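One chain, chain A, appears in both complexes that follow, with chain B as partner in the first and chain C in the second.
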Partner chain A sequence: MSTILDKFSLYMQYPFVHYALIVGVLIALCSSLLGVTLVLKRFSFIGDGLSHVAFGAMAIAAVLNVTNDMPLILTITVVCAILLLRTGQNTKIKGDATLAMLSVGALAIGYLLMNLFSTSTNLTGDVCTTLFGSTSILTLTQTEVWLCVVLSVVVVSIFILFYNKIFAVTFDENFAQATGTKADLYNLLIAVVVAVIVVLAMNLVGSLLVSALVIFPALLAMRIFKSFKAVTVCSAILSVFCALAGILVSILGGTPVGSTIVAVDIVAFFMACIIGKILGRRGTV
Partner chain B sequence: MKHMPKIIIILLLLLAITGCSNDKDIANRVGNGNNVNKVINEQIDKAESKNNSADVEKETSPESKGGSEVQENSPEKYGNGSADVDYDLTSMSSDMVYATVYQMMTDPDTYIGKTFRMGGLYYAGYYEPTAKHYHYCIIQDALACCAQGMEFVWGDGIHVYPDEYPEENAKIVVQGTFETYREDGDDNLYCRLKDATMEVTNK
Partner chain C sequence: MAQLICQNLSLGYEAKAILHDLSFSVDAGDYLCIVGENGSGKSTLMRTILGLQAPIHGKVLTGDGLCPNEIGYLPQQTVVQKDFPASVREIVISGCQGRCGLRPFYNSKEKQLAVEAMEKMGIGYFSKRCYRELSGGQQQRVLLARALCATQKILLLDEPVAGLDPKVTAELYRLIDERNHRDGITVIMISHDVAAAVEHASHILHIGKTVFFGTKEEYVESGARYMSVGMERGEES
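Moving on to the complex of A and B:
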């Protein structure tokens, strides 16, 4: 035990460990806030789809030799999120089919572009890092950390400011529209925020595991609580706790960061299921 | 009475959890003790076998041997190991090692003049423009998909390649002082560990 504490205190002297913990907490907080809305709107899989789009965008940025690829990735992902969430109901290809098409299409095109035009000598490593996060959370620069802080503050502020509207749109979009709420506008806002979260979360867990950060905290909070507010607050707390635990375990144990965080989320989900059963709660989703 | 089964389940769970934590602590202590003893015994055996086969060792390299002696004195002494050098990467997890080496590459000025000790796989590369062999300690990340190589100069650089160097992919531990340098006619900034000691831990 003392060895682990010694190791922990040694690691805490490194600034990049502080950056990883700060960014990890912020991403977990943001993803869990919107996660509840997405799960209730039956858009759980959108995080996965958008992360694949972000992977494709990253491949384009790599091929174009863009030094700071974040703005490009963010723009492409936001556009795709808007297309998915806003036009999903009015197109000939409906809902989940559009998402699946965009998801695999972006993944395939991204990998193809990287294979054909990449100047990197370690293509496998690049792809692996993008898909699974690897240790990218430990290799963040100060600029990336500040960008993450600013975007997280924006996301949390939007959620707090428009909490009532998001609540209304989440549960009954038609009713919200009938009562004068601009449902389309708020759907657009949710789409943009989700895209921002997905791009941020790619640093933490990689593009294949982003959905876990969105879905698990919301689902495990729903096992224990019933009201929207309680589920959202519990989801945020548990998500931050699981992300912190996952990062610390992976740093101390030398395991891949992304998959360790997801493993902690899975354990927490089953524990929440047991607690929910004991308390007599039944999740609706 | 209605909630009795739930209360019993919660009590049983609490009992199980507290019971587990005690057992785990004891198991860990016993386990650690055995592991330490095992490591010490292995190191003693290794040292004895090295003394017995001194002739074979002499053929390889005197510096390598010197390095291994230092290593054997403090294989599991975490505090002592890190006191000799500024950054002892051999006692870090793979995530931390990869991240530290990444920082050294991206922000070398911070680390110039610091001493490092790191473990990895040996790799040698030949660069035609300078007509020199360069020697690297390759460090992999936790996913084993990304690797970074830290160049090192063994001793004062007089060791003959390949005769005195280990085979490629041999596990090595190197210790040296971090510096940056430029080659003649090349604008790139390179990083390396100078005056390094090298120990082959496993071929």
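Moving on to the complex of A and C:
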């Protein structure tokens, strides 16, 4: 036990561990906020689709040899998010099919591009780290940390300011639109914010695991709580807690960061199921 | 002056009209029932009145101090709503959203409005309960309260009693009648049940192969043709 504590306090002396914890907490917070809306709007897979798009964008950035790839990835992902939501309803190809097409397409093109043009000697390693998250969370520069902080503040403040509108649009889009809320506009806003979150979260858990970060906390909170506000707050808290636990375990145990966080999320989810069952049996209101 | 005027409306999807040249008007305080068979375009008409869908031809006009987004609306329930984790109060107050504009939070007047709407619908005592745990009739009353938050003038109801048992149905009709008689709110209701429509409404719009618009008395007099078609439907559903 004492050796673990020693190891822990040793690690805590390094700034990169601080960075990792700050960024991890922020990303977990942002991703959980909109998770509830996405799950309820039956858009759980949008996070997944967009993260594949972001992977494709990353490949393009790598091929073009862009040093700071964040802005490019962000732009491409946001554009795709808007396109997806625009074409989501009333089109010949239904929303889920478009999403599947786009996400698999982006994945394939991304890998193809990396294979054809990459100068790296360790291609498989590169691809693997992008897909499953990497040690990149431990190699963050100060600029990247600041960028992440700024974006997180923007995401959280947008969410708080538009909380009531997001609720109205999530619960009943038609009603909101008919009574004078610009539902299209807020759908667009949701899409853009989700895209930003996905790109941020890719640093933490890698592009294949992003949707876990978005949907697990929401599903978990929905098991236990019964009002929208309680569900949102609970999913934010739990998400941050799981991310912290995941990062600490992975640092101490040397496991991959992304999959450790997701594993903690899964454990928490099953615990929430059991708690929900017990509370339900008692007939709580 | 009429509150709502539909002029020469042709409705449908992708330029394929299912309703042609429909004209009618609704005055303040009217209780209009729209009846007709499945697929005759009742819901399409409602979506057009709400501005969710553009008419192929013709116009929907509002008058008598009614703004287009002052229409309270009770939609048919969607799958999303069935297991939505939200409290009754949260849903009712979301009806005030249209009043907020860009203001992010509800003010005390809107909170008061929500409380009053819940009282009127007799759901004040379970305002903290979760929507997905309520019975069908209770859920409809919650959505009606939300519609009352959005308007004090006109309510559009899309088959409000679908799937409810007779007792709850009667209760819901009573609540709607009360809003119409006591508060003077105009009601436009889509219904399958012609018998109930004739009992509660002041005007009837029958759409389908033949179109009728007039008062309930005229409708009953105009005879068996509309009635019988409607009755069959009413019994089926």
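Quick note on the criterion: the second predicted complex is superposed on the first by the 279 of 285 C-alpha atoms of A that agree within 3 Å, B and C clash if a C-alpha of one lies under 4 Å from a C-alpha of the other, contacts with A are read in each partner's own complex, and residues count from 1 in each chain.
Keep this in mind: a residue touches a chain if its C-beta (ideal position, glycine included) is under 8 Å from a C-beta of that chain, and two chains touch if they have at least 3 such contacts.
Computed from a predicted structure; not experimentally measured.
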Overlay on chain A: chain C relative to chain B, clash or fit: fit
Which of chain B and chain C A:174 touches, first, second, both or neither: second
Which of chain B and chain C A:222 touches, first, second, both or neither: second
Which superposed partner A:112 touches (first chain B, second chain C, both, neither): neither
Touching partner for A:150 - first (chain B), second (chain C), both, neither: neither
Touching partner for A:41 - first (chain B), second (chain C), both, neither: second
Partner chain(s) touched by A:4 [first = chain B, second = chain C, both, neither]: neither
Which superposed partner A:185 touches (first chain B, second chain C, both, neither): neither
Which superposed partner A:104 touches (first chain B, second chain C, both, neither): neither
Closest approach of chain C to chain B (Cα atoms, Å): 19
Touching residues on chain B, where the partner in the complex is chain A: 6, 9-10, 13, 25, 28, 78-79, 82, 91-96, 98-100, 102-103, 106, 141-143, 145-147
In the complex with chain B, residue positions of chain A that touch it: 1, 3, 6-7, 10-11, 14, 16-17, 122, 124-125, 128-129, 132, 134-135, 138-139, 141, 250-257, 274, 278, 280
Interface residues, chain C side, partner chain A - complex: 47, 50-52, 69-73, 75, 78, 80-81, 84-87, 90-91, 94-95, 97-100, 104-106, 128-130, 132-133, 146-147, 150-151
Residues of chain A defined as touching chain C within the complex: 40-42, 160-165, 167-168, 170-172, 174-181, 222, 225-229, 231, 285
